[in-house]
Amino acid sequence: MLLEIKDLYVRYGNIEALHGVSLTVDKGEAVTLIGANGAGKTTTLNTITRVPPPEGPKVSGGDILYNGESLLDIEAHTIVQKYKIALAPEGRHIFGNLTVEENLQLATYARKDTEAIKADYKRVYDLFPRLVERKKQRSESLSGGEQQMLAVGRALMTGCDFLLLDEPSMGLAPLLMYDMFRALKKLNQQGMTILLIEQNARLALQFAHRGYVMDTGEIVAHGTAKELSENPDVKKAYLGG
Amino acid sequence: MQKYSVPFLVVVLLVGLVACAQTGFMDLYIQSIVLFMGINIILSSSLNIVNGYMGEFACGHAAFMAVGAYVSSTLNVWLFTQDKFFGPPVLSPDLALYFFPVVLLAGGVVAALAGILIAIPSFKTRGDYLAIITIAANYIVTSTIINMDSIGGARGFMGMKKILFAMSDTVDLPWILIWVVISTVLTIWIIRRFVSSTYGKGIIAICQDEVAAEIMSVNTNKMKLIAFMLSSGLAGIAGGLYAHILGYINPGSFGILKSTECLVMVYLGGMGSLSGSVISAILFTLLLEVLRFVIPWMDTVMHWAYLLPDGYHLSQVWKWVFIPMILILLMQFRPEGIMGNRELSDFFPKLKKFYSFK
Amino acid sequence: APKEIKIGFNIPLTGDIPKVGEESKFAGEMLKEAINAAGGLEVGGQKYKLNFVYADNESKAESAVSVALKLIEKDQVLAIVGPNSSKQAVPAGQACDDNRTPMISPWSTNPDATLNRPWVFRAAFLDPFQGPVAADFAMEQFGAKTAAVLFALANDYSKGLAEIFQADFEKKNGPGSVVAFESYGDKDQDFSAQLTKIIAAKPDFIFLPNNYNEVALIVKQAHDLGWTGPFMGADAWGNSELMTLCGDDCKGQYFSTHYAAAGATGATKEFIDKYTAKYGYEPADVAALTWDATNILLKAIQDMGSLGNDLKENRKNLRDALANVAEFHGITGTMKFDAQGDPIKCAVVVKINDNGKFEFTKSVCP
Amino acid sequence: MLASILQNIINALQWGSFYSLIALGYTLVYGVLLLINFAHGDIFMVGAYIAFFVATFFLSMTTLPGWMVLALTIPLGMILTALVGVSLERIAYRPLRRKGAHRLYVVITALMCGLVLENGNLALLGASRKSFPELIDKVVYTVGTVTMTNLKVAVILSALLTFAILQFIVTKTKIGMAMRAISYDKFAVPLMGIPIDTVIVFTFVLGSAFAGLAGLLFALSYPILDPYMGAMIGWKAFIAAVVGGIGDIRGAFFGGFLLGFVEILVVAFFPSTYRDLIAFSILLVILCIKPTGLFGVAKTTKI
Amino acid sequence: MPLLEIHELTQYFGGLCAVSDFSVALESGELVGLIGPNGAGKTTVFNLVSGFYKPTQGKIIFKGSSIAGLKPHEITGRGIARTFQNIRLWNHMTVLENICVSQHYNMGYSLMDALLRTKRYLKQEKRIVTEAMNILEALDLARYADEVPPNLPYGLQRKVEIARALSIKPSLLLLDEPAAGLNSADVKDLISLIQRIHREFDITIWMIEHQMTVVMTLCSRLKVIDFGATIADGTPDEIQNNPDVIKAYLGDDAI
């Protein structure tokens, strides 16, 4: 078991956002998390990466184990540096005052493996050729979709082996969305573990091996992708009938 | 009946204060605290329009105070007193009583016009760049005054006390107290009406998302102009009152330090909370005075407990160490100011019934 | 009847010239202790303890006004000693005059402090007298035909004296003989541009009617800019802190002042010795002037004959008594009072010798 | 005439150097936290006092020659001043940041910290001024009627050097990039594996250390220290930083010199009372023409 | 006469040509889609129409008069409302206030009226609130009137934003990716909402959207742009089978 979330309770101030969430991700798996707006999906990912307050939530119960080690007392930057877990956050959060290139470069902040970095650049630029064209542009003037590419590209540049993606397809044109999912699939096949949040449940279940369905801070269903796509409740609520 | 409770209270307050002053129940010292409280309330709540409701960071409030102070002082001195520079009074000093509000208002109007000086750059500039423009405007105003030798230049302007004497010679009442209370109440009333109208909420929209405001039909430039002018106009009135209370003004009293005092009161109270501004102005004024007594007392206690060497005494300078420290602490506990952006009535919903004070 | 007499001191304990406030306070304390030790001040056969309230005006004009108001309204003092600097004495004088409380400034030399103010008095000579003293001395000592002036714009004293000096010097040496007349603002630290202008105008000497703290900076910067000529100062130089701040740069310069501690005799020496013993340094002008001013005030209180219960009445009587003091023998010399209530007394010019002591050079009497 | 213009250029270079040095610290902290660190002028003042105490300590305790004392005072002063800056960050700003307070509340806290430093100094050390010892023998070079001192040369060179160092750090190194990134979006910074607090502390160390250097140089050039010496120059340096384009190192550097030149030249050609009036009017005009300062880049609002 | 006519609109950002020679004509009552790859310039077109940028070149004619160069609030006053790609509600105001403040183009009283609480002020204020409530009622949002937007689920926030745009009674409504971030169920609601608005409010709608289900069901006509230039124009069916569009935009959905 690579990642194991055990009975996690999480709160923002006085509001409890997760009430006992448990889920597991195995090495090399692609797992998706689907659910209605406000279900707590983003909260789950932010908790795993230990995003600090004020944005980050506070864990009030349960545990997050990574390779058997608890992540609860680890600082956010160590999660990336040492545990190699990267997150492409919801809302992109790119560094608008830096150029596209600098954004990518910054993600290699703690890395020393020059060769691997080079390979990663190539991988990202191959995945999103549009970023090559925009290399020197201040990233805040990118179009919405371009920014999304940058956010995913940046997460890859941290040299992670566990990738958390929060609605990566948001605002992407269909062509690009499919391209990106194909590329992610390839990454996954090369051994990258992926945990994905996606509003487009059909696409997500097509992509992932397994899935969890969240609702108001709880896991309400889980199973293999195939099981979930055939589950009548899931079909009705998330697959549009 | 409840509808009139607030106006009624205001009248009671005014009459009560005047009676206390008149009977000597409230000595001049207490009176002066009340006066400064009033002025601070006007200053903080007027700055709150721009810094709280509209979300700009204007740091030059004292400049408008200065404009109001100088305009109303010179007008009054020119009209009603014998002055070295302006010569004999133009009108009989008996009239000072009736013209005082007009002159005060004139100061406010000129200050509002000076407000345009920063309102226009604000169309294009936002945030910290606008903050600088306001600081620069503050320097420009004070140094313009420094260069006007006829009104005393850097050395200040005096003679306003005579106006107060002229007023109480005509009718024996504590006039300045009356005017301060009336101005304070009017200020709160105007601001409250402004920001609670859909029209005035335009500036709150600008604060939260200017792009959305502009797209949703708010004429942002016009609203900014109104907000800046209203804010600086009221500061001008506060300045006029301040000048007459002290009887002496000089450009140094309207520098950046005074402006920061206004800033502190606004943020201490909470951005966009009118009751917050009022409360913080009162607290701030009281704190200043209370420490005056607390420090010697602390000195005694600490010497008694052998915490201080014999030769060292806590001087009043410590006041200006304690006040900022208290404020820093307060900020740590309430990082959104005393009231956040809520009003008293949000905390005590029952008050709403009485809130026809609109 | 009240058993004590309360007198307020409106002095700069912090701000630009804290040493001035300190010396004023010490002089006041010394006098108070001496009199209270003897049972108090005798007025009309009754002894009153003295109570001195020292309030800090931060060396700011606006604070001086609010301090005056506070002393008058909250502390209910009978009279006020200070402020010292004309920058504060001019506005505070207005406040005292308006509120009908007697005030006596020990050290203010600007005429406006007392002009047309029946309630305001002083113990120092006036700048219309001091300006010509400085001009004459410089002409004689340096053979000066031209002069330059650098003054503080926001200071009534500095500006007033600069103007008086300019008028007088040009009267004596022809128009344009003051070749540079430069000013600076509050809290300025860099004077290089003004000094560059002054040095380029090649004056025979530079007149600096400024507070001692600024003098130190100006003199040093002038030397950095290559100025080697003499400076001439005025009474605001006269402070023991001048030399700690200015060091070697000020040695050899002259300034006009109220008294010279070195070589004093009689009551003056007694005062100096007592002060030095008590506080560890030699008192400068302001201590002596505060001593005199307070004594004038106490003398007037005694002249009143008796103290009533009504503070307003007492203040009024005290004012009248002060106005009636015709002559006073103080430790800074004998003063006669003119119709305005200003003293007529002698000035001295001192040289700062190589040990950094203020050495008596010359006395000038009106 | 020419000579006095030259002389004034030298004067302006020296005066501008101080504005630059202080403005650099402002801009550095602003560039990271968008925090107008209003305490910076007072940290500069503290730097001068620290230098004073360090120098007098060595002078009274040892028999080292003046230049040695200076050589020791520079690094020690910078380190101690940096400590002060970092403490402010730890005690006052960081908790607020953690609580997600509006950034203007941090600004107000900074203002308050400045007041505490100023008045705390006054209350503890008394109102009398300190006179800074002359550590190196002043050498006045005269060419014609134009004079220059060794100290002025040192001041100007220090400003240049500081600028070069900071510019390099901010634009060319990863930590510099991280500093800029923090200013734009704090949320995502740790997600890149960047220890955000370390970067912020580093920024405060840099900013305050150079304020310490500025304080020392200032004390050498204007050897009278008082608790309020940093207030005015601090405000003005901040204005200079913004006119240059706040957050940009070049902006602070040139902004500082611009203000220095304007001030000195106004005094050189007009009555000195017009200095602030003209200087600030010019700055206002610059900001009206270029609303984000000389080097600042407008933030594009993406809709 | 078409409601909105755009002629050869061009917009440069520095050297970058975001929109080039873009022309379109919208008839009253149409529901038209604007699609294209990311960075094609769609949002930029909307920004130009709503007055946020001044076009480098080209004409924008609305109801027969040119609106290029007018201020955004003036354009809104003439009847063009829009929503944003990323929701831009005023987060510290209640939903009701959000709607009310958007009445600035039509206050009906002056500052003085507000300060003096004149009859006119009271009457107009009442009208504004009633009208706002009507809009909320119509979109089933009335029960959230006193909530602040951050407390609402994302889908509802989108809806509030649409309500706010509708409240200025526009004749043309621009929707920038209204379905972004919504899940399939919410998307279905959104589709029916837009259909209802189109019917009941009798307005012209122009929308940008990447979710094909949305545009294909709603729009009668689609315009496809890439690199700021039009590459196709036609009914949804035509577009779906247009090889250029498939190549540049739709791609193939096998992963």
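Letters are used for the chains, namely A, B, C, D and E, taken in the order the chains are written, and counting of residues starts over at 1 for each.
Basically, a contact is a pair of C-beta atoms (placed from the backbone, for glycine too) under 8 Å apart; a residue touches a chain by one contact, two chains touch by 3 or more.
It should be emphasised that the depicted structure is a prediction, and the values quoted were computed from it without experimental measurement.
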item: Each chain counted as touching chain C and chain D at once; value: B
item: Steps needed, at minimum, to go from chain C to chain E via contacts; value: 2
item: Furthest chain, CA centroid comparison against chain B; value: A
item: Dominant chain pairing [most C-beta pairs in contact]; value: B-D
item: Distance from chain B to chain A - Cα centre to Cα centre, in angstrom; value: 52
item: Centre distance in Å when chain B and chain C are each reduced to the mean of their C-alpha atoms; value: 36
item: Cα-centroid distance, chain B relative to chain E, in whole angstrom; value: 44
item: Length of the line joining the C-alpha centres of chain A and chain C, rounded to whole Å; value: 76
item: Touching two or more other chains - residue numbers and ranges from chain C; value: 13-14, 153, 185
item: Per-residue multi-chain contacts in chain D, two or more chains; value: 99-100, 122, 127, 273, 275-276, 303
item: Multi-partner residues of chain B (each touching 2 or more other chains); value: 146, 153-154, 211, 315, 317
item: Each pair of chains that touches, named by its two labels; value: A-D, A-E, B-C, B-D, B-E, C-D, D-E
item: Chain C residues within the chain D interface of the complex; value: 13-15, 18-19, 21-22, 153, 182-185, 187, 189-190, 192-194, 196-197, 199-200, 213, 216-217, 220-221, 223-226, 241, 244-245, 247
item: Chain B to chain E touching residues, read off their complex; value: 190, 193-194, 197-202, 204-205, 208-209, 211-220, 226, 272, 341, 358
item: Parts of chain E lying in touch with chain A, wherever the complex brings them together; value: 13, 35-40, 43, 85-86, 153-155, 177, 180-188, 210, 212-213, 248-255
item: Partner chain A, residues of chain D touching it in the complex; value: 98-100, 174, 177-178, 180-181, 183-185, 187-188, 190-196, 297, 299-300, 302
item: Chain D residues within the chain B interface of the complex; value: 30, 34, 36, 92, 95-96, 99-102, 104-105, 107-109, 111-113, 115-116, 118-120, 122-123, 127, 235, 238-239, 242-243, 246, 273-277, 280-281, 283-284, 287-288, 291-293, 296, 301, 303
